[in-house]
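Below are two complexes that have subunit A in common, paired first with subunit B and then with subunit C.
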Partner chain A sequence: MKLEFTVASAFVNLFIVLILSPLFDGLTRKVRALIQSRVGPPPLQSYYDILKLMGKEDLKSTINPLFRLSPYMSVVSIAMASLLIPIGSLTPPLNFWGDIFLFIYVITVVGIAIIITASASENPFAYIGASRKMMLHLSVEPILAIALITGAINAGSFKIGDIVKWYYTNGPNVSMVLATVCVFFSLQALIGKIPFDISEAEQELAEGVLIELSGPKYACVKWTNMSRQVLFCLVFTQIFIPWPFTDYFLINVIISLLKITVLLFISSLIEALNPRLRIDQALKYNLTLALFSLTSVFLALLRL
Partner chain B sequence: MKTLDYLYISFVLMTLGVVFTSTIKNRSLSGLITFLFTAGASFALSYFSLNILVGNKIVEKELFSLKPLLNSSLALRVDGLSALFLLIIAVVSLCVSMFSWKYLTKYRQPCQRFYPFLFALFMTSTGFVCVKDLFFFIVFWELMTLISWFLVVFDRENTNALKAGLQYFIVTHAATGFLILAAVVIYSISNTFDFSEVKESFYNLSYTNPLLTNFLVCCIFIAFITKAGVLPFGFWLPNTYPQPPAPASSFFGGVMSKLAVYAIFRFFCSLMPISSYTQLWGFILAIVGSFSIFIGTTAALTQEEAKKLMSFHAIGQVGYILLGLGVGLYFININPFLSTVALIGGLLHLFNNSIYKSLLFLNAGSIFYKTYTTDLNKVSGLITLMPTVAMTALVGSLSIAGVPLFNGFVSKLLIFESSVWSARQTEAFFLVRGFFVVFGIISLFISAVTLASFLKFINSVFMGKLKKMYSNEKIHWSMNLSQLILALVCILVGIFPSIFLGLVYNAISSSLTTQLPSFRDVFFTDFSGINIFFCSNCSAGAWFPLFIIIPLVILSVLIFSFEKYAKVSKREVLTWYGGKEHLPEDVIYTGHSFYQPFKDLVSFKIKDIQFKGFYPVNTPSFKIVIPNWLPKIFDFDKWLYSPLTRKIEKLLLLFNKIYESITKRYILWLIMGSIVILFFLLNLE
Partner chain C sequence: MQNFLYPITEVAEKIEKFRENIIVYVEPHQIKETVKLLILQNIRFVHLTAIDFSDKKNKIELNYFFLLLKDKVNIVLKVYVDSLNPTISSISDIIPAAIWAERECNDLFGVKFEGHPDPRRLVLSDDWPEGMYPLRKDFKYNQKPPQEKKPFLLKKPKEGTTVIPIGPFYPSLEEPAYFRLIVEGEKIIDFDYRGFYVHRGIEKLAESALNYQQIPFLAERICGICGFVHSTCYCQAVEKAADIDIPQRAKFIRSMFLELERIHSHLLWIGLAAHIIGFDTLFMQTWRIREPVMYMCEIITGNRKTYGINIVGGVIIDVLPQHLRDLENIISDIEKEIKELREIILEDDTIQLRFKNVGILEYKEAEKYSVCGPVARASGIKTDMRVDFPYAAYPTLSLRVPTKKEGDIWARTLIRLDEILISIGILKEILTNIPEGSTSVKVSKIPSWKEAISYVEAPRGQLFHYILTGPDGKPYRWAVRAPSYQNYQCLSILLQGATIADAPLIIGSIDPCFSCTERYEILDIKNKTFRIYSLQELECLKAR
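Entry: the complex of A and B
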């Protein structure tokens, strides 16, 4: 693989996941507002929010050095995770440098960064949020892992690029379809939206993990959450539904953007029409789904 | 100087250490001597072991023989596997002794009860990995168990420690009984204790008498698995490991439980031939390993005491090692590539685990040193008092959770990938492959549970509000330094895995009975990372930490310069409790509250036994019903002695009555008697 291609596709991935994510967030806000018969903010509102917060006063409730560092770490690790997803071509920019387990762990690091931020802030609400966030992660991570492992067993490689290539050329089989369905059912939990926004529940926890954040730190964590939406939508559309696909880099990028828009539209429909789950309900839902998705592994073992 | 001389030097230094520390009463001086002597010994040891590991050498020497008495001799044989363990012992013992220099000032007990035993523990564990004779193997093993028992009951006023010590003593000796049984049977067959002869007799036995072979393997398996703390045999471990002072528990968790795994490696990889039952026992090892991964770690999530939490994790982490070993042994004939990856993963995880496990126990020790407690509900906000400890604890926690760029990730990656890859080996039975994949998924899930439980540890101990003021006494530099060294090793292995993978490969290949594919074929490595091959010429997995660091650094610089550019004003404020005024103590979120819904989900009750995280909290009370006649049989008093004595007494009383009667009757007796005698005499005539 050429270096120029790596750098170019890395920039495209970073651009979509980091720079375009507030736009997608604005879109979902608009959709949600329209469903709830409101006018809603302009599509660029999320950019304005982030820029405004960047200039706001930075309030510190603690002298803990981790409180200062970890919000920025969350943005960095989201960016790292985005480098492992194929967008413009079938191989992601960092395909040579890591595999599915690296991807799963990099996503975990995003959670760790936010949890440490929350607990370093010394606020009990933030603690409750952190505890819930960890539990959600604990229950939802196996589903994604099992789906990726199903792909790995089918493709005979742990590299995301090889899995996508195999999936694209061989077409869907029973096990991969099952894995895809399971990932779709857990998507709302992965991106942390209603009914799974339990760790940031405004009404009961006053934004939970975000409660003590302000200024640039708050902007960073907000940005992370927006980017996480786009990231997991990309995971779903690019790894589990890699069609349609052309030989041209730019057209592929545009197709993937369209796919994310559709997916985000569905996700914001779910968000607007559903109440929030309690944490124990969410845990049961996710763990049951994880147990169910084990069947996809067994189907993959049978070469189905 | 010959290479073996370094081993002698370290032994002499440790012996001198025992002599000095058992005579000196001054804590500080005794601690300093411990540190200095162990430092010398561990430098010599690490030079010795690296020399062997890098050069892929084998050193053998017979020291003395018990020939006329017993066909056994104290023979040393240091190959790659032993050298790897010597390296672990050297690193951990250095840090442990450095830590214990000042640590023991917090205890009232005399220091002669601690330092000499610590030295003796270092010595016996060094001897244990070096010998090649089954008899001395057991001797060192038994000595190690005894000495560690003395350390467990160090705090004699604590009834918990005494109870745990008793349990430890009984369980480990029962396990040693199995080992001795196996050794005696082996001796009766091979007539010698020498490992090379034992190996041959195992080879013959596996053809002539497979049943006996399996029985012997089972005995050895139970003996070592009990000491390693693998569930269900490791139930003693969470009670025992928290009891001794932190440096000792650090050595227990870091080295001693791993020495049992060394013995398993030694027996299964280099003493037994690769045959049909290798597969069976590989599968059993994997099952037992995943069982203890799952139960041990979920139980750890429910713990609220730092050292106990870590002890449960010791159980879970040993499971990972055994899973790697089991997958490796199962596929050694089917796919040597996969088996190499799994074995290396298991052994590298052992190395990593001993580093971060001892680091975490030392962290718990530092917490105790400052606050006199390790209860997660009682301490909080310690990061302001001891930032170094907090940072090293964070490194240790991220390592044990297997976060990328720390050492746990590399070894866990190899274990996950090898157990998932077994799905592709169509030679194996379908269900077996399914089991291995499920084990891989369990270990991946449990990895997240590990992270959760250590985030709970970090969050409740170091984060949050400081509860009360502690003494201003600084933590001594030696304690900080020992933790820093271990944390640095964690990061070093995480960033340059290829070097350590090479060392571990040497260790495995020098001790295994069969030939493995060469290192270059399995791992394509350079300084930056590794590419993993599960068959010739198909790269299936990869991990290049140095290339990950490049974008990481670039992105971090970008983000931080962004913050600098924004130039926002900063202000310190009070914590916001939703508009109400509270004292920090009122609204503190303790370790108990963490993950409560999840804990409820994994806790249940079956009859009288309460399970917490699938682990029984209260052991069922066994009531043995004794039939009524049984005690009666043994009650000799009741049915034999008392009736008999009563009878005799009555008889005597009767005689007594006769004797005590009045004179008239006496005379009557006399007359009657004389008449009788007269009759006799008359008749005779």
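Entry: the complex of A and C
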């Protein structure tokens, strides 16, 4: 593996996941506005929001150091997770040391960081938001993990690059199709948008986990949420639908950008056309999906 | 005299019958017995209010208003208590619907109710001094009492439970009210309420500073959404008391605006309910459908809201033929859109997941708390003031009263959707049948010491106005009971055992109208001071 390739692809990944994510968020806001017969904000509004929040006063509701540090931790974890996804070619930038377990670990840290922030803030709304987020994470992330393990069993390797390569050359089999479908249906919960924005439910919990955040910390958490949206879309498009792939780095990047635009469009349609679920209803949905995805592991073990 | 009155004759001092009202005079110590006898007849509690006669006969008159739906009569229990030491035994343990009314009477008149389950303050603010009763006649309307700092007693959470405060500032309930949910995990185990943060004392102002023709404009400002019901109800009460017969055309115009108001109020509610469950697309689209209705009202009266067209004796504007044509086009447009909206809501499984079997109010509880409007109809109580006590043009119009048995939020939604379509039907009928003629009659002197009860079916339910005319060109007592006032009191039942996620939805499902309930105060945000309209300012408002 050449060093230049690692540096270039790492740069591209970080650019897409961190720098472009507010633009994608702006697009989803525009789509939502059009469905709701509104004019909507300009596409760059999410950048303005983050910049404005960065310059705002940082109110410290508690002296707990966890509360101060964890918002920044969530941005760093998102950046790390983005380096494990193949975008420009079939191998991710950090393929040599990152496998699916590291990936799952890192994306869990993103959620955990926000849960810690909320629990440290000593606000009853944040507490409830945190407990809801915990339940949601515990129920939805196994689905992604099981789907990745299905890929690993099929490919015979835990490295994400190897899984994608195997999937790209061998094409889908029954177990992978089932895993892909399960990930697709859990995508909205992974992203944390309506009907699954239960931990932040504005109307029920007054933004729940985010209620005590302000200034740069709030900007970081908002930015994390936007980046997470792009990251999970990339997980789905690059790992579970790796087609079409060309030999040219730049064209691959453009194709993947198009793919996540389509996916985000579908996701904002779902967001605009559905009400929020209650936590028990969401858990029921996720657990049913988890059972389905478990069958994909058995199918993979049977080489189907 | 009707059969049901026979048992009462034993306890009552005197029974009078006047139009559809039966007035029963009772001794203070007999009140509980009388109410117990009445409750066997399946009566509904409407309101309890007092009238201060301290300067005339050293008495405070308590008026208990009841309603007998099947015979369509009002029963008024009149009790005189001593104004120096006004005490009477509470009826709240027999009729829980009277809890708030008794607390309000205690606040404003100083009547002590013995054995009341919750004798805390309801209306008065926490810094109001003890022993000052604003609705007594010796209290001047512009008097400023000294402030007395005292914390309000709220229910304390038990060990292992947390308090979730909803309000007074809350993103999905943009109104000043404090719902204190005591929760265990996600489950609500106890509930407390503190409201009336913006009580203005509109009744006091009307009784002391305004005349009959100025009050409709004040009454219309009681509510920010359905103000027209208040001015109509007030005008009807005065017209009834003074035996004024208003022209048929004025009656039709009143009915027309009442129905337009119902349509836009129900659409507003559907939008808000969708917003509470996070379905913002439905919220935006419902409010888009609502907009032409507001626009039409603006074209006819000059205002989107608070039309200011009601006076005692009729209405002050006329509806031109081109308005009727425009209105016809608009309602046939929105009828189509509302039918589509109804299809969308009926076919949406996720909405039903959130609405069905949530916030159930059983028929028995609904009767006990005397809830009204769509909340009562969703629990199977067939009550609609347009049918029970027809007013304005309703005696000549045909309408049906939808009811459901489930009593959950889904039933309330369906009832409201149905009512919009019924309102559109009524509007169509009004448009074809509206008679020609004048729109108001000249009102000369209004006789003193006459009383009248008037009902209007507001979008939120049965609205009640009571008036006792006074000797000096203004009412001696004007009492208002908004529908939300009654519906609020069943919230403790609805919220018991619900989850936090459902709490805003349940509170929203009764369509609470805070300004109606509290008869609110005008807040001048710039100077951060409360302001009461002076006479000249009201004249200006009237002139506009």
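As a convention for this text, the second predicted complex is superposed on the first by the 304 of 304 C-alpha atoms of A that agree within 3 Å, B and C clash if a C-alpha of one lies under 4 Å from a C-alpha of the other, contacts with A are read in each partner's own complex, and residues count from 1 in each chain.
Heads up, the rule we're going with is that contacts are C-beta pairs under 8 Å (C-beta built on N, C-alpha and C of every residue); 3 or more make two chains touch, one makes a residue touch a chain.
Predicted model, so just to flag it, every value in this text is computed and none were measured.
Colleague: Per the contact definition in the header, classify A:138: touching subunit B only (first), subunit C only (second), both, or neither.
Modeller: first
Colleague: Considering only the touch criterion stated at the top, classify A:174 as touching first (subunit B), second (subunit C), both, or neither.
Modeller: A:174 contacts neither subunit B nor subunit C.
Colleague: Between subunit B (first) and subunit C (second), which, if any, makes contact with A:274: first, second, both or neither?
Modeller: second
Colleague: Applying the document's definition of touch, where does A:206 land relative to subunit B and subunit C: first, second, both, or neither?
Modeller: both
Colleague: Is subunit A touched at more residues by subunit B or by subunit C?
Modeller: Touching more of subunit A: B.
Colleague: Figure out whether A:127 sits in contact with subunit B (first) or subunit C (second), or with both, or with neither.
Modeller: both
Colleague: According to the stated criteria, A:27 is in contact with first (subunit B), second (subunit C), both, or neither; which is it?
Modeller: The answer is neither, since A:27 touches no partner chain.
Colleague: Return first, second, both or neither, reflecting whether A:152 touches subunit B, subunit C, both chains, or no partner chain.
Modeller: Only subunit B; A:152 stays clear of subunit C.
Colleague: Just to be sure I follow: which residues of subunit A are touched by subunit B in one complex and then by subunit C in the other one?
Modeller: 124-125, 127-128, 131, 206, 279-280
Colleague: Inside the complex, what are the residues of subunit A that reach subunit B?
Modeller: Checking each residue of subunit A against subunit B gives 10, 54-66, 72-73, 75-76, 79-80, 83, 94, 96-99, 101-102, 104-106, 108-109, 112, 115-116, 119-125, 127-128, 130-131, 134-135, 137-139, 141-142, 145-146, 149, 152-153, 156-159, 162, 206, 211-212, 215-216, 220, 279-280, 283-284, 287, 290, 294, 297-298, 300-302.
Colleague: Contact residues on subunit C for subunit A in the complex?
Modeller: So the residues of subunit C touching subunit A come out as 162-165, 170-172, 185-186, 274-285, 288, 348, 350-351, 353-354, 499-504.
Colleague: If you look only at subunit A, which of its residues touch subunit C in the complex?
Modeller: Those in contact with subunit C are residues 32, 35-38, 124-125, 127-128, 131, 194-195, 197-198, 201-207, 272-281.
Colleague: Please output the residues of subunit B touching subunit A within their complex, sorted ascending.
Modeller: Per the stated touch rule, the residues are 381, 383-384, 387, 394, 398, 402-404, 409, 412-413, 416-417, 420, 423-424, 430, 433-434, 437-438, 440-441, 444-445, 448-449, 451-452, 455-456, 458-459, 463-465, 529, 532, 538-544, 547-548, 551-552, 555-556, 559-560, 562-563, 566, 568-578, 584, 587-589, 593-598, 600-601.
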